[in-house]
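Please go over the structures that come below.
Okay, so chain A shows up in both of these, paired with chain B first and chain C after.
Let's look at the complex of A and B:
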C-alpha cells in the first residue's frame, strides 16, 4: 500500500495515479544499494552499533574528510618547521617573522602539523570511516546483485528512471540490438533481464581498499624495520659509516662534482642572466659502498667492497638493501686553518688547526701557548652573542687563550677577523692559510613501505577507473497481459546518456520494422 | 635570438588570436540558436588555434631541449592548451556553444596571464631533469583541464537556475565570480597596455632596486625612492621577496576588474548575471548537471594519477622522499580531497543540481589557487620562496 501525498488515500503499490484525486504517485526508487538491508540501518542500539552506524554514514565520513581538508590547508598558511631557515630556532623564527599569530601557530602545534598525533588520529578516523562504510554496504549489495530475479514486481519497475510501454513486434531484433551493445541477457518465460558492467559497482570498494593500503603503509612507516632514514656527510676521499647499521655499512666518497651550464650558451643566456648566477646542471658523487666484516668494537674493521657507483640527483643507487640518494653538498668547507701568532718581541710561529678535531692545547715555537676555549664551526653573530649555525666547518671561529709565563689574553679568531676579548693587545694572532674540501650529503634509505604504497596506489587507480569509467546498466522487459511490454531501465550514473542509449536501441528497432 | 624561438613565439600569438575569434564565432552561433555553419567554423578556428599552439609547444621543446613544462609560463600555456583540447573533444559529444565560450575565455585568460611571467628558456636544475617530471606535469594539467569542464557546466547551471528577480546572496556571488574573472582580464589588458608603452618604474629600497612593470602603488616598507607620487608601504608582516610587487599586482588586477565590471554594467544596465541569463535559458539543465558530474568522474582518476601518483614517483627519485608537505604538494592533495568529497556529497539526497554546481565552482577556484596563488601568496609573501 502507498499513501497519496495529497489526499492521503491508500492506493495499491503499483498504481501510477491516486484513485481518489488523480495525483501522480510514482517516485523513483533509490537504487543505490538495491534496497538491501544494511547493518547500520538495524534498530539494535548497543554501543558497537552506534559506533558502526556513525562511521558507516557517508555524511559523517564527509565531515571527517572536510575536516582533514580544512586542517591540511591551515598547515600551509605559515611554513612548516621543516622549511624554516637553517640555524634559526622555531620560537624565534615564528615570533619575529609573524608576530603574535606566528607564536600562536607554534603553540598550537601547526608548525609540525602533519606529523602531529592528532592529524594522524584524524587520518585514522578517515580510514575507519572508509572501512566501515564499505563493509556495511558491500555484502548486502553483493548478495542483492547476485540473487537478482528476472521477473520483478510492477511497482519496482515503474519506479526506475526509464519506463516505457511498448509493442514489440520483432523480439529477436530487439534482443540482438541490446546484446550488440554489450548487455548480457537472461530469460525467464517471456520476460528478460539485460545487464552490463556489473563489475563497475565494485569500483568504489576496490578503490577504498587501495586507500586503506596507502594508510596502512603510512602507519608501517612509523616502525624502523620498515623505514630507515639515514644521512651522511662525507668529505672527498673519506669514508664514513652509515649510522644505525651496527657499524656494518660504510661509504667512501671518491669524488663529488658539480657541473654548471655554460654562461654563454645562447639558448639559456637570458635566463641565466636573469638568475644572476650560474645554474647547476648536475650534482653527483662517485662512491664505493663497503660491508664490514664482523669486528671488535673500537678496532678498524675490514671492509669488503660491495658496490662501486655514481649517484646523482634523480639517479639514486642501490646497495645492501638501501637506496642511496645524492641529496646535499657543501663546497669549500674548511678542513684546516693555519694561524700565525706573534709574541711581544715580534717573533712569529704558525700552527695548524684541524677543524674536525681541534687540539685543546698548542705549544708554539715562540714560547706562546694557545689554549682552545671555544670552537664555532659555522659562526654567526646573534645580537652580540656568537653562535654556530651548523656543526659544519663552513665559517669556523675560535676562542683562544694565548699565554706566555703568567700573562693570558683571550682572542676570538676567524678567517678574516681577530678580536681581543680582554682588551689588551700584547699578542697578535691571525689566519694566514687554510685548506678546503668538498662534502657530499648522501641520504641512505631503506623503505619497505614503498611497495605497499605503490600497490595501494595501483589498486586505487584500478578501482577508480572501474567505478567511474563504466556504468552498471540494466533493462527489464516484462510481458504484460495484453502482449505489450513494460520496459524499465536502470543505470547507476549518467542518466541522460543512458536514456540516449535506450532511445537509440528502440529507434533502430522501430526503423527496422518500418522498412 | 634563434629563428625557432621567434617562430614558436609567433605560433603562440596566432593561437591566442584564433581563440579570440573562436569566442566571437561561438557566441554568435549561440545567439543564432542553431547548429550550423558558424558553429562549424568556430570549431575549426579553435582547432586551428590549437594546432598552432601545439606547434609552439613542439618548437619550444626542440629549441630548449626539454619539454616546455618546467616554469610557470610554460605550465600555464600548456594548461590552456589542454583546456582547449578537452573542449574540442567534449564538444563532439555535447554541442553547447556556451560551454565552448566558457572554456575559451578561461583558456585565453590563463595563457594571457602566463605571458606575464618570465618567458626565457631556462636550463633545468638537476632535480627537474627527469622524465617523470614531464609525465607528471602533463597528466596533472590534463586532469585539471577535464575537471575544469565541471566548472564551465556548473557555472552555466548556476546562471540558468538563479532567480535574478530576487537580489539575494547567490545573485551577488555570481557577480563576484564575474568580477574576479574580469580582474584577470583587466590585469592582462593593463599589462599589455603598459608593456606596449615600455613603462617601467624602479623603486629603490635600502639594499635593492625593484623594477615594476605597472605603476607602483605598493612599495616595500624600506623604500628609499619611488618615481610614482602615490605610495603605500606594505604591511609589516609581508616581508617576503617581492611581497610589495605581488600585492601591487593583485591590487591593480582587482581595481581594473572593478572598472571593467562597472563599464560593462553601464552598457547592460543590469547585473551581468541577469544580462547573461537569457543566453543560458534554453540549455537543458539536467544535461549540464550530467556534464558536470561526468567531467569530475573522468577527470578525477587522471588528476590522481598525474598530480599525486606520478608526482610522488618523481619526488621519490629526485628528493628521496615521495611526499614533503610543501605547499604546492599540499594544495594538490587538498584539490584531490575536495573532488573526492564532491563525488560522495553528490550521492547524498538533494545534493545534485545547483549544489553540485556550486561545489564544481569551488573546486575550480581551488585549482586556480594552486596554480597561481600558492606561488603568489603563500610561498611568495613568506620570506623564503
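Let's look at the complex of A and C:
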C-alpha cells in the first residue's frame, strides 16, 4: 500500500494516481544502483564500518577534492622554497618579500607544500575516497545487473522513466526491430528483457582506476629508484661528479657551444636589433659520461667511459639509466688574463695569469717583477673593501706588487681598470687580452613514473569515453492478464533520446501493421 | 557476526590497512627526503682522502680512528667562516694533547687565495683541498658546515650552517676520546 501525499488516502502499490484526489502517486525509482541500498548505507557496527562509510560517501569525497584543490591553489600564491633566489634563507626571504603573510606562509609549511607529509596525506585521503566509493558501488551494481531477472515486479516497472501499455499484435516484428537497434533479448515465459551497452555503466569505475594509477605514480615518484632529478654545472674541460649517485657517475664537459641567430639574417634582423643583443638559437655540450670504480671520496677514481655524446636543447642523451638534458649555461668566465706592464723607460712586457690557479711571482722581460699579493676571482666592492663573491673567475681582480730595484708599487688590476694603491704611478699595468670558457648546466634525470602517469591518463580517458558516449538501455515487455503488454524502459542517461528511440520502434511496428 | 558480515569486515579492514600503509610510507619517505644525502648524527662517516695544503701529505679520514676529528667545510669568501676559523685555530691548540684533530675542507679555491687567507688568520691545522666529491659525499650545499666525528668514526654532531661559536668547546668535548 502507498499513502497519497496530499489526501492521505491509502492506494494500491501499483496505482499511478490516487483514487481519491487524482494526485500522481508514482515517484520515479532511483536506478543509479538498481534501486538497491549501497552496503555502506546499512547499519554500521564497528569503527572500521564507520571509516568505510565515511570514505564511501561521494559527498565526503567531494569535500576532500575541494580541500585538495584549495590547498593546491594556495601553494601557488608565493614561490615555493625550491625557487627562491640562491643564497637567501627562507626565513629572511619570505619575511622581507611578503611581510606577515610571507612568514605565516612559511610557518604553515606552504613553502614546501607539494612535498609536505600532510599534502601527501590529503592525496592519500582522496585516493581512499575514490577507491572505497568505487568498491562500495561497483560490486553491488555488478551483481545486481548480472543476476537481474527478466520478470520484474509491476511496481518496479511502472516507476521507470518510460512506461506504456500497448497491444502488440506482431511480436516477432517488434523483437526484430529491437534487436536491430543493438539490443540483446532474453525471454522468460511471455516476458522479455532487451538490454544494450551495459558496459557503459563501468565507465566511472574504469575512470577511477586511471585516477588511482595517477596517484600511484605520484607515490612512486617519492622513491629515488623511480625518480631522480639532479643538476650539475660543469666548466669546459672539467669532469664533475653527479650528486646522489654514490659517486659512481661522472660527466666531463668536453666543449660547450652556443649558436646564435645571424645578426644580418633578413628574417630576424629587426627582432634582433630590437632585443639589442644576439639571440641564442641553440646550445649544446659534447660530453663524456663515465662510470667510476669504487673509490674513496676525494680520490681520483678510475673512470670507464659509458657513453660519448652531444646533448643539446630538446635533444637529451641517455646513459646509465639517466637522461641528460642541456638545461642552462653561463658564458664567458675568464680562464686567463694577459697583462701588459710598462717600466719607467716605456719598455713593455706581457704576462699571462691563469685565473684557475694563478702563479704567485712573475719575472718580466723589461726587468720588472710582479708579485701576486691577493686575488679576487669574482670581485665586488663591499663598502670600501674589495671582496670576492664566489670562487668562480667571473670578474677577476688582482692585487700586484710591481717592483724594480728598490721601488715597489701596489696596484689593483681588473679587466677594465688598474688602480694604484701606493699613490705613485711609475709603472703602467693594464689588461690587454683574455681567454674565456663557458659553463654548461646539465639536468640528470631518471623518471620511471612517466609510463605509469601515461597509462593512468589513458585508462582515465577510456573510462570517460566508455561512460559518456554510450548509454545503458533496457526495455522490459511484461505480458498483462488481458494479453496486452506493459512496456517499461530504462536508460542511465539521455532520457529524451531513449524515448525517441522507443517511440520510433513502436511507430515502425504500428505502421507495419497498417500497411 | 554472520559469515558474510565477517568477510565484509575483513575485506574492509584489509583495504583500509593497505591505504594506511601507502600514506605512512609516503610520509616517511617525504620526511626523510633531502636527509638521504646528508650525513646524520649517529651514522658512520663517509671516508675521504684529500691533500693537505699545509704539509703536502694525503689526509685520509679513516686513518684518524682513535682520535676525535672536526671536519669543517669552508671558503675564503664565506663570512661566517671568517669568524669560525680563528676559533678553530684556538681550539686546535687547546685540544692538541687530547687527541682531537681539526681539518678544514676548502671548496677548491686557488692556492694563492687560500694561502693569503691562512697568513691573514694564522691557521696551522690541516687545510684540505676538495674537488667537489667530498662536499657531495657529505651532502654539503651551503657553507659553512661542520661535522664532529668520534674516535670510532661515527658522527657525533652535524652543524649545517654557522656554528653557535660559544658552544664549540661543549661540542668538541663530546668527541674527546
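Rule of thumb we're sticking to: the second predicted complex is superposed on the first by the 346 of 515 C-alpha atoms of A that agree within 3 Å, B and C clash if a C-alpha of one lies under 4 Å from a C-alpha of the other, contacts with A are read in each partner's own complex, and residues count from 1 in each chain.
Note that contacts are C-beta pairs under 8 Å (C-beta built on N, C-alpha and C of every residue); 3 or more make two chains touch, one makes a residue touch a chain.
Source: prediction; values computed, not measured.
When the two structures are aligned on the shared chain, A:219 is found in touch with chain C, with no touch to chain B.
Contact with chain C, but none with chain B, is seen for A:372 once the two complexes are overlaid on the shared chain.
Contacts of A:82 after superposition: chain B is touched, whereas chain C is not reached.
Of the two partner chains, chain C is the only one touched by A:135; chain B is not. By the touch criterion defined above, A:46 reaches chain C but does not reach chain B. Of the two partner chains placed by superposition, only chain B is touched by A:316; chain C is not. In the superposition on chain A, contact is made by A:357 with chain C only, not with chain B. Number of chain A residues touched is higher for B, counting chain B against chain C.
Comparing the two complexes, no residue of chain A contacts chain B in one case and chain C in the other. Note for the complex: chain A touches chain B at residues 30, 32, 58-59, 61-62, 65-66, 68-69, 72-73, 75-80, 82-85, 97-99, 101, 114, 261, 265-268, 270-272, 274-275, 279-283, 312-316, 323, 325, 327, 443, 445, 450, 453, 457, 460-461, 464-465, 468-469, 493-497.
Listing the residues of chain A that touch chain C in their complex gives 39, 45-46, 48-49, 51-52, 115-117, 120-121, 124-125, 127-128, 131-132, 135, 219, 222-224, 240-241, 243-244, 247, 296-300, 355-358, 360, 372-375, 377, 387-391.
Residue ranges of chain C in contact with chain A, taken from their complex: 1, 5, 8-9, 12-13, 15-16, 19, 22-23, 25-27, 29-31, 33, 36-37, 46-50, 60, 62, 75-77, 107-113, 116, 128, 130-134, 136-137. Taken together, the chain B residues at the contact with chain A in this complex read 2, 63-65, 118, 120-123, 125-127, 129-130, 237, 239, 286-287, 290, 293-294, 297-298, 300-301, 304-305, 308-309, 312, 316-320, 322, 324-327, 330-331, 333-334, 337-338, 340-341, 344-345, 347-349, 374, 378, 382-384.
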